[in-house]
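First chain A sits with chain B, and in the next complex the same chain sits with chain C.
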Partner chain A sequence: MDSKKLTKDKFGGFVELLSKQKLYVPQMVGETLRFAPVSSKDEVDLVFSNTVVPPKSVLFPQTETLYEYEAGGTELIMPEEPEEKVLLGVRPCDARALTIVDKLFSWDIDDPYYVNKRENTTIIGLACQEPGINCFCTSLGGGPASTEGIDLLLTDLGEGYLLQPLTEKGEKLCQDAGELLVEAAGEDRQAAESLHQEAAEKIVRKIEVDTIPQKLEELWESPLWKNISDACLGCGACTFLCPTCHCFDIQDEMEGFEGRRCRVWDSCMFEEYTLHTSGHNPRPTRRERTRNRVNHKYSYFVKNFGTIACVGCGRCIDNCPVNIDILDILSQVVKEAI
Partner chain B sequence: MKDILNPYKPEIATVEDTWFETQGDRAIKTFKVVFDNEEKRESWEHRPGQCAMIGVLGVGESMISISSSPTEGKFLRFSVMRAGKVTQALHELEPGDKMTVRGPYGNSFPVDDWKGKKILTIGGGIGQAPLRPIVEYVKANRGDYEDLTTIYGSRTSGDLCFKSEFEAMRERGDVNVHLSIDIEEEGWPHYVGFVPSLLMEVNPSPENTIAVTCGPPVMINFVLQNLKKLNFADEQIYTTLENRMKCGFGKCGRCNVGNLYVCKDGPVFSYATLKEVPEAFA
Partner chain C sequence: MVDLEKLKNVAKETVSREDVKYLVGWRQGTYGFRVSPHFMTKPEDADKLIFSPLCVNNLATYLTLAEKLPVPRGEEPDTRKVALMVKGCDSRAVVQQLIEKGIERDSVYVIGCPCQGVLDLEKVEEKFPGVQSPVDVQWGDDKFIINLPDGTQEVPREELLAQKCLNCRYPNPVISDVMLWEEVEAWGNGEYADVKELEAMDSQERWTFWQEKFASCIRCYACRNACPMCYCEDCVLDRLNPQWVFRSNNISENTVFHLARAFHLAGRCIECGECERVCPMGLPLMSLNRKLAKEVREKYAFEPGLDPESKPFQSSYRPDDQEDFIL
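Now for the complex of A and B:
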C-alpha cells in the first residue's frame, strides 16, 4: 500500500478511530513519561523526545499476574485474553527493541503472556526528528526512521503526518481510516525522507560494534570490569528502563484470602538476582554483575539470537545516577589491547 | 489463553508419602508425589537428570531435581533440603497435602548413549539427589550396562541420604557402593575422609567408563581434578550445575553461565563443554 497523508485537522478523528481499541500514548504518569491508556483525544500529544519508560511496559508489564488462587485452594484462575491494543508514538528504537524481546519470548517455548499481547497489539511508530544527546541507534543498525517492529510509521511533516503502512495491521488501519487520509504526494514522501536524513545526521554519538562480541570474550578477566563498576550503585535503572531487558522474578503474593503468582521485572544488577539459598552467589560483586550485563547484551544475545540486545536508545546513559555511560564502556572494550 | 500451552501453569500434585533423609537445621525431606490429573500422570515423561519447578501456593516455587527414575513408576520423587522460604513451606507438607509441579525442565544425562559402558557416580550430600535416577535407571536396565559404581559421602553419617537404599544395593551386590563421612565416628565401618580422596582410593579405571559427579562446588572441583589424575578424558566426565531459577525455560534470565542457561541447556554438562563456559565454576 502506498503512503498516506493525515492532515492535522483530521488528527483528532484518527485518534478517535484508534480509540476503538485500547489506545496507549506517551503520557505523564506522576513525574514519568510513559505509555499509558487514554480515554480522550485531547490527552494525545505527540510532541516529546522519548518516554522514560519504554513501551515494553505495555507488553511486558512491570508486574503481571500469571494466575490467581484462593488461600488453601488448588484451583488456578488464569487471566483473561488480552484485549486489542494500539500503541501510538513508538520511537523506532523502541519498536526495534520489541523485535529483539520477541526473539527471547518465542525461543523454544512461547511465553503466552507476552506473545498473546504482542499479537493483539498494533505499533504506530513516530519517526524521530530531534534525537536525544545520548542516542546512538545508527550504530546498532537502526535509525530515526527505522521500520523494524512498526506496523505504521508516522513522520511529522508540520502541517500533517506522512503515514507509511508497513504490515497488514498498518494497512488495515489505513483502510479503516478511509476518508481521513489522502494519498501522499511525491513531495510529501521526499519531505519525509529529507527529515529522516536530517535526523540521522543529528546523531553525534557513534560506536563501531562489529568487534565487540569477540573482544568481550577476550576481556573476561580484564581490570576494566572492576574499574567501570566501581561507581555503580546497583540501582538497576539501566536495566529497568532498557527497552530490550526482559529479566523477571516470579513471586507469590497473598492479600487476605486472595493469592496470586505474578512476575515482576528484575535486574541482573541486583545482588539477590543470582543469590543461591545456600548464601553462595556466583556473581558476588558489581564487577561480575556489570560484566554480565554488558556480555549479555553484546555477546551472549548475539550467540543465541544473532543480534545485539541494544538499540542505542540512550536511556541507560540518561538515567544512570552516577553517569555510567554504556558508550564509554563499549569504547573501552573496542580500544582495550588484548 | 489461546493456542499456546501455558508453561507457567503448574499441575497440582498430591504428596503420597514423605520421610526425612536427614535431620537438623538443614534437614532433607523426600516427597513422593502423584499428579491429581490422571491424564497428566500418564502422559508425564522425564529423563534422569531433569528438574521440576515445585511450589506451594501462597509461598513460591523452587527448582528441584527429580530424584526418581522414570523406570520406578508413575510418581515423582523430590529430596529437598530445608534452606529458604519455599523449602521451609515444602517441609511442612505431609501426605495428602498439595504442591504445584511444572516441568520437566532441562536436558538429561544421556543414559542411553552410555549403554555398554561402566557407570561411576560420585556424589556428596544432597548432590546425590540428581544422581539417584541414574543409579535407578541403570539398575532397571541392568543388562545394558557394565559395572555400576557409586561413591557417596557426606559430613557425618547422619547427613547421608538414601541410606537404606545403599544398604540394600550393597546386600544385593548389583552396585559397587562406596560410602564415606568426613569425620571419624564410632561404629562407622566405611571410609573416613573427603569424597575426592575416596575416589582416589577406589581408583576406577577410565576404560569404557562414564563418571558423573554432583555435590558441593568445592567437592566437584576436587573430583574433577582427581578424575583427570585418573586419566578420564573430558568427554567421559559429566556434572550438573545449579543456579537460582524462576521460569525454568530460558526466559527469566538469571541462571545463565555465559550464553547458556542452566535451566534449558543444562543442568547436565560434560566437562568438555563446561571448560569453555565462563562462570561455570563461579
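Now for the complex of A and C:
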C-alpha cells in the first residue's frame, strides 16, 4: 500500500478511530513521560524527545499477575485475555527493541503472557526529528526512521503526518481511517525522506560494534571491569529503563487468604539477582554484575539470537546517577589490547 | 578559592601513602554537565581530578558501598584507609557514619573541599539543552562561569544553584584530615520553606500528592543505593523471609518502601539530596526527608552529622525532650 497523508486538522479524528482499541500514548505520569492509556483525545501530544520508561512496559509490565489462588484452594484464576491495543508514538529504536524482546519470549516456547499481548498490539511509530545527545541508534543498524517492529510509521511534516503502512495491521488501520487520509504526494515522501536524513546527521555519538562480541570474550578477566564498576551504585536504573532488558523474577504474594503468582522486573545489577539459597553468590561484586550487563547485551544475546540486545536509545547513559556510559565502556573494549 | 593544582598534589601524595588503599574524587563526565566519581590508586590518576560546581555526587556513600568479600585463607584483610574528597554536606555523612559506628575513624582519610554550592543538573540542562561535549564550569563571584563549546556564559548563582545548596549552612567540611583551601562563609539560614508548603496542604491533598509520586516509582533503588546513610548489610526491603515489602510495583508497596526509608533516616539524613538527584522518575524525595529533619531539629534541637563524638538521635534521650505527641 502506498503512503498516505493525515493533515493535522484530521488528527483528532484519527486518534478517535484508534481509541476504539485501548490506545497508549506518551504522557506525563508523575514527573516523567511514559506510555499510558488515553482517556480523552486531548491528551495526545506527539511533541516529545522520547519517553523515560520505554514502551516495553506495556507489553512486559513491571508487575504482571500470572494467576491468582486462594489459600487451601486448588483452582487457578487466570488473568483475562489481553484486549486489542494500539501504541501511538513509539520511537523507531523502541520498536526495534520490541523485536529483540520478541526473540526471548518466543525462544524455546512462546511465553503466552507476552506473546498474546504482542499479537494483539499495533505499533504506530513516530520518526525521530530531534535525537537526544546520547542517541546512537545508527551504530546498531537502526536509525531515526527505522521500520523494524513498526506497523505504521508516522513522520511529522509540519502541516500533517506522512503515514507509511509497513504490515497488514498498518494497512488495515489506513483502510479504517478511510476518508481521514489522502494519498501522499511525491513531494511529501521526499520531504519525509530529507527529514529522516537530517535527523540521522544530528546523531553525533557512534561506535563500531563489529568486533565487540569477540573482544568481550577475550576481555573476561580484564581490569577494565573493575575500573568501570568502581563508581557503580548497583541500582537498577540502567536495566529497568532499557527497552531490551527483559529479566524478571517470579514471586508468590499472599494477602490474607488470597494469593497471586506474579512476575516482576528484575535487574542483573542487583546483588539479589544471582544470590543462591546457600548464601553463595556467583556474581559477588558490582564488577561481575557490570561485566554481565555488557556481555549479555553485546555477546551472549548475539550468540543465542544473532543480534546485539541494544538499540542505542541512550537511556542507560541519560539515567545513570554516576555517569557510567555504555559507549565509553564499548570504546574501551574496542581499544583494549589483548 | 579552588586550587586545582593543590588538589592534584594532595591527591598524589595521599595515594602514595602506604596506609591508603585508594582515593575517591570527581572527574569530568563523558558528556555535557555530568561528572563521575573518580577512583585513584596511583599518582598519575590525579590528572583527571576536578573540583567544580558540577561535583554534586556525595562520595561518602562509597565508604560503605565497597563490597567486603571473604578474605582467602592465609591472607590478611586489607585494612588500609580509603581517602575521600568531601564537600561540606558530604562530610556530614562521614561524621554520621562515624557516630553510628558504620565506619571507623582510622579507616578513612578525609580531604576537605570547602564548597560554594553546586549546580542543579536539571536546571542547567534545561537552560543549555543538547550540549554533548563535556562542559567545564567554574565558580565566579556570585555567578557560574560556564564554558560551552560555542563560548563562555555567565549565569547568576541563584539561578542554577542546586536546591540543597540554596539554603546551605555547612559549606565547609565539618571533619577533615587535610583542608584544601580557605573556608567559605555560610549563606543559608536552614529554613524549611519547601516543607511548609506541603504542611499547608490538608491530609487528603497531601495523600493525593504523594500517591501520584509513589505510583510512578519504578523501584530501581537508586535513591537507597546512592544514600550514604542507607548502608544496612541486610536491608528490610530485600528480606524474603519474612518479606516486609512485596516486589510488586503498586502504590501500596511503593509507599511502604518510601516511608520505611524516610523513617529510617529520621535524625540521620544529612540532607545531601542525593536520593532526589539520582531518581530517574523525578520524585521529590527530599521533601519527605526534610520534613522529618525539620521535626527532629525543631522538637529536639538535634542535628545529625556534626560531632563524631556525639550519640545517635535515637539514643540521645533527654528528660526534657518534647513528648506532647504521645497520647
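The rule is short, and it goes like this: the second predicted complex is superposed on the first by the 338 of 338 C-alpha atoms of A that agree within 3 Å, B and C clash if a C-alpha of one lies under 4 Å from a C-alpha of the other, contacts with A are read in each partner's own complex, and residues count from 1 in each chain.
In this text, a residue touches a chain if its C-beta (ideal position, glycine included) is under 8 Å from a C-beta of that chain, and two chains touch if they have at least 3 such contacts.
A quick note: this is a predicted structure, and the numbers were derived from the prediction, not measured.
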| item | value |
| --- | --- |
| Simultaneous placement of chain C and chain B on chain A, clash or fit | fit |
| First (chain B), second (chain C), both or neither touched by A:L219 | neither |
| Contacts of A:A199 with chain B and chain C, given as first, second, both or neither | neither |
| Contacts of A:V52 with chain B and chain C, given as first, second, both or neither | second |
| Chain B versus chain C as contact partner of A:G30, first or second or both or neither | second |
| Touched partner set for A:I324, first chain B, second chain C, both or neither | second |
| Touching partner for A:R286 - first (chain B), second (chain C), both, neither | second |
| Angle at the Cα centre of chain A, taken between the Cα centres of chain B and chain C once the superposition is applied, in steps of 10 degrees | 90 |
| Contacts of A:C128 with chain B and chain C, given as first, second, both or neither | neither |
| First, second, both or neither for A:L140, with chain B first and chain C second | neither |
| Partner chain in contact with A:G236 - chain B first, chain C second, else both or neither | second |
| After superposition on chain A, the shortest CA separation from chain B to chain C (Å) | 6 |
| Interface residues of chain A shared between complexes with chain B and chain C | 249, 251 |
| Partner chain A, residues of chain B touching it in the complex | 1-2, 4-10, 12, 36, 55, 57-62, 83-84, 87, 98, 217, 242-244, 246-247, 249-254, 256-259, 264, 278-279, 282 |
| In the complex with chain A, residue positions of chain C that touch it | 29-32, 34-39, 57, 61-62, 65, 67, 69, 130-132, 212-213, 215-216, 218-222, 224-226, 238, 246-250, 274, 277-278, 280-283 |
| Residues of chain A defined as touching chain B within the complex | 66-67, 69, 71, 73-74, 76, 78-79, 81, 104-105, 107-113, 115-116, 217, 220, 246-252, 254, 259, 261, 263, 266, 268, 273-278, 280, 282-283, 288, 292, 295-296, 299-301, 303-304 |
| List of chain A residues in touch with chain C within their complex | 29-32, 34, 52-53, 62-63, 133-134, 204-205, 227, 230-231, 233-237, 240-241, 249, 251, 253, 262, 264-265, 267, 270-272, 284-286, 317, 319, 321-325, 327-328 |
